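Two complexes come next, and they have one chain in common, chain A, joined by chain B in the first and chain C in the second.
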Partner chain A sequence: MKKLLISKKTKGILGAIAFPIVFIAFWQLFILAGFPSARFLPSPYKVLQKFVILFSDPTYSHNIAVSLQRVMIGFFIGTLAGFIFGLLMGLSKTAEKIFAPFFHAVRQVPMIGWIPLIIMLFGMNELPRVLIISVAAFYPITLNTFSGVRNVPREYLELASVYGYKGLTLIRKIIIPAALPSIATGISLGLAMSWSVLMVAEIFIQTAFGIGTQIQRGRDRFDIALVIAGIITVGVLGYSMTLLVQKIVKAVERGQVISADK
Partner chain B sequence: MSNNKGTLEIRNLSKSFIVDNSPLQILNNINLTVTSGSFVSIVGSSGCGKTTLLRIILGLENHYDGEALMDGKQIVGPGTNRGIVFQDHRLLPWLTVGENVAFGLDKLNRKEKKLLVDEHLQLVGLIGFESVYPSQLSGGMAQRVAIARALANKPEMLLLDEPLGALDALTRMYMQKELERLWQLEKITMIMVTHDIEEAIYLSDKVVIMSSRPGIIKQIIDVSSSRPRDRASSEFMQIKAEILEEFHLGTEYTFAYAI
Partner chain C sequence: MAKRFLQRLGLKDKLLAIIVPLLVLAAWQGAVSQKLCSELILTPPLTLLNTLLELAQSGDLTLNILASLKRVMIGFLLGGTSGFVIGILMALSPFLNRIFGPLIKALQQVPEFAWMPLIIMFLGIDEFAKYFFVAIGAFYPMVLNTYQGVSGVPEKYHELARVFDYKSFRYLFKVIIPSALPSIITGIRLSLGLSWMFVVGAELFGSDSGVGYLMTWGRAVFQIDLVMAGLILVGVIGFAMNFLLERAEKQFLLWREPVDGRPA
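Moving on to the complex of A and B:
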């Protein structure tokens, strides 16, 4: 039997770029067909040219850096608060009874619904932008930490009580490690949420720098190529971050359950 | 142990659970004496309260009537003088084998911990497996780690809740020999709950037979045959028949005369 000389990894990469190539081809065809509705749509080549300009423009990298920093700060605050709040509600039925209804009601309000209030209260500042991002991360991390803590197997708790583990030691040695896979899922969802509200934060609460700002600026100048370049940047960066977090989550889970076939 | 530790005295013990707002009696007037260094098995069908009895001895069930005395003191909660091996090995998946064995040794320093972990892994024949994770072990190995964890605390009494119930038949027989070896080596009291009558006869000085609803002790059978015991010996078979009779599972010898 002949062996294909393409490695699994190469196959994976080819598979991943096949669709974007087809997509770009259709995009180009669409423009060549000359539909009236496509008259403002720049060609893929024009967007590529825009990227070439952007890569040599220090504002572009600065926009990316500012956005990443903004997400990281907001995400960090949201993670910390969500972890503590989720742990508290998971550990104490009383805390759950007091806070859960309020929490679930508040979380029904989409982030964009808060914007007018937040702008009126805080003005167009960095604080409300970071606040929005942290709240977005806060919800999934709270929920997943809570359910992780609640679902610690009874058997482990029993074992801990046989060995006299109580209070903080119990939390540190049993509850948090047992809840870790669920917490990790919450963190990766939280990061995705932070990243997706970044645009809301940057476009609605105007700011000098950020990828959202770049997109908004493109709109103001009717520079559609700049807008599309901004969207692609958001997608690629967000996807890279998701991949990174997934790697971390997998590493955490591997620490939990090492697959037997390894 | 030569110091006569590890004795158990249960007097007029009864236990009820509240089910749908009415009490359901699980154990009724249990009386049992376990001497230091003996091996006692509790057998009975599902729901006879044998696991509840073991949980009371372990200290996980604190509300009961009557007395449960460990070395003369009323049992009010878990303690380091009693170790436990559950049916599921209950090793923590995020800890290595070594860390699992050291789970009950939190108060010791690293050096003391390592010494005890090595000693007990050696004891169960798993030296060299310290840094392996539980999911990489077979069922029998995992259960041996669980035994090492229970013994590392140097308990005076080891409680075994169907410890071999989840293992295949051959591993199970091998582990029965292992348990006997450990019991003879450590010279501590062992109380085992099991479904397996042969296992109980093979290992025990005393087989406690319970029946259900509410759980009572029906009969206590002394097994005094010399060790290691031969499962095929007539003495072994006779004790087995006697126990099966208690469960109304004795053979009616109809076919024996049919020839």
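Moving on to the complex of A and C:
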């Protein structure tokens, strides 16, 4: 009977809070137990203290701003290029036959593999960092735009030819709206990839500011609390960005359904 | 008639496919031989081929490839196996799902490379740290796909298992795993691909052997042909691994289809 007293919603909230609390409790217990391997592990409280210090430190917010800016520029370039390239390959079978094999071959090289070459060619500055982030976004967006454009239902195209849509009108009114869900998937995948590669870019291509730099610096100073604070920051920022994009994607899809109903 | 037409079409596709690579190669060789770009910055393709051959002859190539593959295999076995076991446990037990689910979701938000500094601080920069890093990469796709596959086992299979009174091991090996196999194979493919990426990353951080080491070494002594040779190796080996596993995946799907196709 007691079970009925707790509504489903509170149960959900309790479940969501329970996990972090248990996790932090275990962490603290692990340290209190005094295992030799825990010697270097800072307690949750120390990490919290580190966060308090960081929040009043302008470098921290600057690091976040620089990282976000870096990701946004790279992601924007990669998205734009991937969209155009995917659209081109999706619209023209010849373009697909010319570019797709090369694209798939180059795609096999893990992002991290490009780092030494890119450093040698461009040096350790902002350009290679942004470049590698945009390439990371480029692959999934190209692939998803391509498959979205290719899978536009035949009936839509027939309808378009009835209306006499051609060229740009056809692309703008039929193909892009129909391919939108797939493109949106590509965009959220691309953003996740960009964020992940940002770490690679900031840790491997040394830089003065950025969250990756902060983590790296924590390691240099053997300040594990700083490293953990950096990792948590990266996780939280990445997760909020994913959530934001998912919200936007859902809104776009809903808008599309409504306009299709009209 | 139709066959010949198709053949011609296939040949035409192949011709179209090599246009871009040929153009890139020609521009690349041209840029160097026309002195638009120094050979120190951009190795001409022919020199690159020569470097690869030299590496193969001296035995450095096989040595480094084997070193990387060994790390991939050990890391993949560590991460993949734990992902497999945890994935099955999570799918079969709602309780464990509630424990591991949020933990994995939270940890997954952190880009894997951000763990690298922490791993180095705790485990040092020796072989075990590399295995561990590769294992992290292998873990996520394996746990997610196994979980998905096992929780997607149709209810009728569970019912049938109950009818036959299959318990524990028999239930696991005769019902759950065969039914989830396609998803598990996808997990293996993805996780091996990421393992390969992560081993290169781990080697770039600091190592004395491996394909990633070849590239860092090339960068350190400013021998760009070594860096490019390493890049090609990384791509080709990654491609080969993916290709083989995709084949295996298709084989397993083929095997599965008639089972699903049969009337229930």
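As a working rule, the second predicted complex is superposed on the first by the 242 of 262 C-alpha atoms of A that agree within 3 Å, B and C clash if a C-alpha of one lies under 4 Å from a C-alpha of the other, contacts with A are read in each partner's own complex, and residues count from 1 in each chain.
Here is the rule we go by: contacts are C-beta pairs under 8 Å (C-beta built on N, C-alpha and C of every residue); 3 or more make two chains touch, one makes a residue touch a chain.
Every value quoted in this text rests on a predicted model; they were computed, and no experiment measured them.
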item	value
Superposed partners chain B and chain C on chain A - clash or fit	fit
First, second, both or neither for A:198, with chain B first and chain C second	second
First (chain B), second (chain C), both or neither touched by A:169	first
Partner chain in contact with A:161 - chain B first, chain C second, else both or neither	first
Which of chain B and chain C A:108 touches, first, second, both or neither	second
Following superposition on chain A: angle at chain A, chain B versus chain C, Cα, nearest 10°	90
Greater residue coverage of chain A in the superposed arrangement, chain B or chain C	C
Chain B versus chain C as contact partner of A:177, first or second or both or neither	first
First (chain B), second (chain C), both or neither touched by A:236	second
Gap in Å between nearest CA atoms once chain C and chain B share a frame through chain A	6
In the complex, chain A residues that touch chain B	155-156, 158-159, 161-165, 169, 173-174, 177-178, 180, 255-260, 262
For the chain A and chain C complex, residues of the former touching the latter	15-16, 19-20, 23, 40, 94, 97-102, 105-106, 108-117, 119-121, 195-200, 203-204, 212, 215-216, 218-219, 222, 224, 227-228, 230-231, 234-236, 238-239, 242
Residues of chain B defined as touching chain A within the complex	58-60, 78, 80, 84, 86, 88, 90, 92-94, 103-104, 106, 133, 135-136, 153
Contacting residues of chain C [partner chain A, same complex]	13, 16-21, 24, 41-42, 98-99, 102-103, 106-107, 109-118, 120-122, 196-198, 200-201, 204, 212, 215-216, 218-219, 222, 224, 227-228, 230-231, 234-236, 238-239, 242
